[in-house]
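Once you scroll down, you'll see the structures, which are given as structure tokens.
Both of the next two complexes hold chain A, though its partner changes from chain B to chain C.
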Partner chain A sequence: MASVLLSSSGSGRYITKAAKAIRLARHGCTNRPFFHIVVMMKGRNQHEQPIEQLGSFDPMPNNYGEQLVSFNFERIQYWIGQGCEISTPAAELLGLCGFLPVHPHSYMTAWRNRRLKQQEKNPSVEPKDQ
Partner chain B sequence: MLRSVSVFLESGLCGKPTEFNNNVCCFFNQQCVRWRRKPRWLPVAKTKVFRVPVKNHAPPEEQKELKRLHDNYKTAMKSIRYYFTQRAVKLATGPEVVAEHKRLEEEDHSNCIRLNDEWNAEVALLREERIMREKEAKHEAILKAVEDHKRQMEERRLKVEEFIRLEKEKSKTYITPQNIDAAIERALSNEVDYNFSIDVQGNIYKGRRAKPETKKEPLNEQKYEAQACD
Partner chain C sequence: MLRAEKKLQMPPLLPERKEINFVFVDDPKLVGLSESKFVFTDISFGTTDRTRTIVVRDPDGKLRKATWDERARMNSLLEREEYEFVLDRACLQFEPDDPKFIHTCKLVFDSVNETSSFSVLRSTRHYGSLIFHLVEKENIDDLLIENMKTDRLEDATWLITLYHIIHPSTKSKSFAYSPGKELDLIKVLVM
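Let's look at the complex of A and B:
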């Protein structure tokens, strides 16, 4: 966790030709994750200052059972246009919100969960794929 | 050797231990690094020597399906990425954007020129003032120099005139070919003796052969006696 509040718009380390990625940076604290969706140089520590913050993601469901996520789509479009990579969790979130195609990992998680549920319901039956 | 063999096995590169593996493994020692867990020279634990880690692969149908999904996803992402890149390029180099850039640049340039002209006018005023000031100062300095020069020349002229006057006065006593004989005559007739002598009291006696005037005093007794002794 960064000891100081970092500016979410700019001032992160930016090297023109270095690879950048749209990814999650874990904020929050122990047992209470909270993520910022940021553009950063690839391979940098998540708690360094980002090039830009593009959104936030709260993975813990609130009172209404909602997981809240926010995006700055305009800037995401810009950064994808700049050739940024997208990390798998970020791509999953973007897929679920309908901005990008749904990530295969989301499908996989879904069918595995479905299978588990089926198994719990009917342990004797051999689970079917898909 | 035993260690190298066991390590080689642990790394999962060559399945079950065989004669062949034993022979091969003694030539190179492959040891995975235990990151801060165990020193790297420790052998694999005895209980784990023949453990072959089980890999849990997804079932082949699932693998196939995942591959298909990933391929589709990658293709879609490629085109999306291309679209956004093109859009970024268009935003940077599209004709309207370029025209807008050009307009802004020209506006900025004309603004700069105007500001520059203003500053130049301001500076020109200051400069003219300064030049005038300097010119006056120079004029005064030149006038002063001329005045000084005149004064100096006047002083010099006066000095020279004085000198000439004195010389003219002196020239009355000059010895010339006309009066040289008379001068010689006068010199010879008026011989001057510059010699002198001086005694302990500091009395000066002029003349080459001058002598102190002897006072005719009666000598006192002591002196008389001394003289008598001599």
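Let's look at the complex of A and C:
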């Protein structure tokens, strides 16, 4: 975990031709995940200083049953234009909000959850594929 | 703009806003992905609270614009409970027998009672009026519970004593109270 508070405007290590990725970086603490959505060079440790923070994601539902996500879409567009890759979890979130097409992984998870629920209801029936 | 002009600027008079009810897309294939909603807020530089895009993905796969309630919640994540400020301000602004003053105070006190945030007004000049208002409205249950929860048995006793003074016809008034019998007193009132 980063020992100092990192500036969200970035100043992380930036090499012009190196591959970069829009991804989640886990903050929060034990049993209480909280993610920053950052752009940083690929393959770096998530707790290194990012090039720029692009949003946040709180995966624990609040009192109203909402998971809160914020995106700086303007900067996300810029970084996609720079040829950034997007990690699967980040792409899933961007898909759910309608910015990108819904990620196949979201459909897979949803389908698996539905199948599990069905199996719990009547275990004898073999679930049919959709 | 001159300072006087700014201070005298009339608040805009607008027709009541319509509820936002706009569905972008309904995707039943996403049912089961999550038990909770996802709320996406655009935090791009330059967007204001009124213009920023806020969308919600419901558990049934519907992608829609956020309602006004949700927007308000996202735009001010901290619900401000500045009761003391409002009351202080009312004291400055109104004469104490002004109906507006009385109305404002009652609104604030009811809100305090609703949220059970009595500790905000405790040790301020408004606590007495709060208690008096609640006792007068025969609505001391929440306050009594809060007193018990925060180990304020003496306060609870005083509250009941005041209640008896204002409502002499209460059944429990006949109970002979003496120090040490606080719990019995409360029991008699609650029964």
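The criterion applied here is as follows: the second predicted complex is superposed on the first by the 130 of 130 C-alpha atoms of A that agree within 3 Å, B and C clash if a C-alpha of one lies under 4 Å from a C-alpha of the other, contacts with A are read in each partner's own complex, and residues count from 1 in each chain.
We take it that a contact is a pair of C-beta atoms (placed from the backbone, for glycine too) under 8 Å apart; a residue touches a chain by one contact, two chains touch by 3 or more.
Computed from a prediction, not measured in an experiment: that's the story for all the values here.
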Practice prompt. Could you classify chain B and chain C on chain A, in the superposed arrangement, as clash or fit?
Written response: fit
Fill in: Partner chain in contact with A:Y107 - chain B first, chain C second, else both or neither
both
Worksheet, complete the sentence: Max touched-residue count on chain A (chain B vs chain C) belongs to chain C
Worksheet entry | Partner chain in contact with A:E74 - chain B first, chain C second, else both or neither | second
Practice prompt. In the overlay, answer first, second, both or neither for which of chain B and chain C A:C97 touches.
Written response: second
Worksheet entry | chain A-centred angle between chain C and chain B, computed on Cα centres after superposition, in steps of 10 ° | 110
Item to complete: Quick one: classify A:E66 as touching chain B (first), chain C (second), both or neither.
Response: second
Item to complete: Would you sort A:K117 into first (chain B), second (chain C), both or neither based on which partner it touches?
Response: second
Discussion item. Can you report the least C-alpha distance between chain B and chain C in the superposed arrangement, rounded to whole Å?
Written reply: 12
Practice prompt. Name the residues of chain A shared by its contacts with chain B and its contacts with chain C.
Written response: 107
Worksheet item: chain A touches which residues of chain B in the complex?
Response: 59, 61-62, 65-66, 69-70, 72-73, 76-77, 80-81, 84-89, 91
Discussion item. Applying the document's contact rule, which stretches of chain C touch chain A when the two form their complex?
Written reply: 24-25, 27, 29-46, 53, 55-57, 61, 63, 70, 73-74
Worksheet item: Quick one: in the complex, what on chain A touches chain C?
Response: 55, 61, 64-75, 93, 96-98, 102, 106-107, 109-114, 117
Fill in: chain A residues within the chain B interface of the complex
77-78, 80-83, 100-101, 103-104, 107-108, 129-130
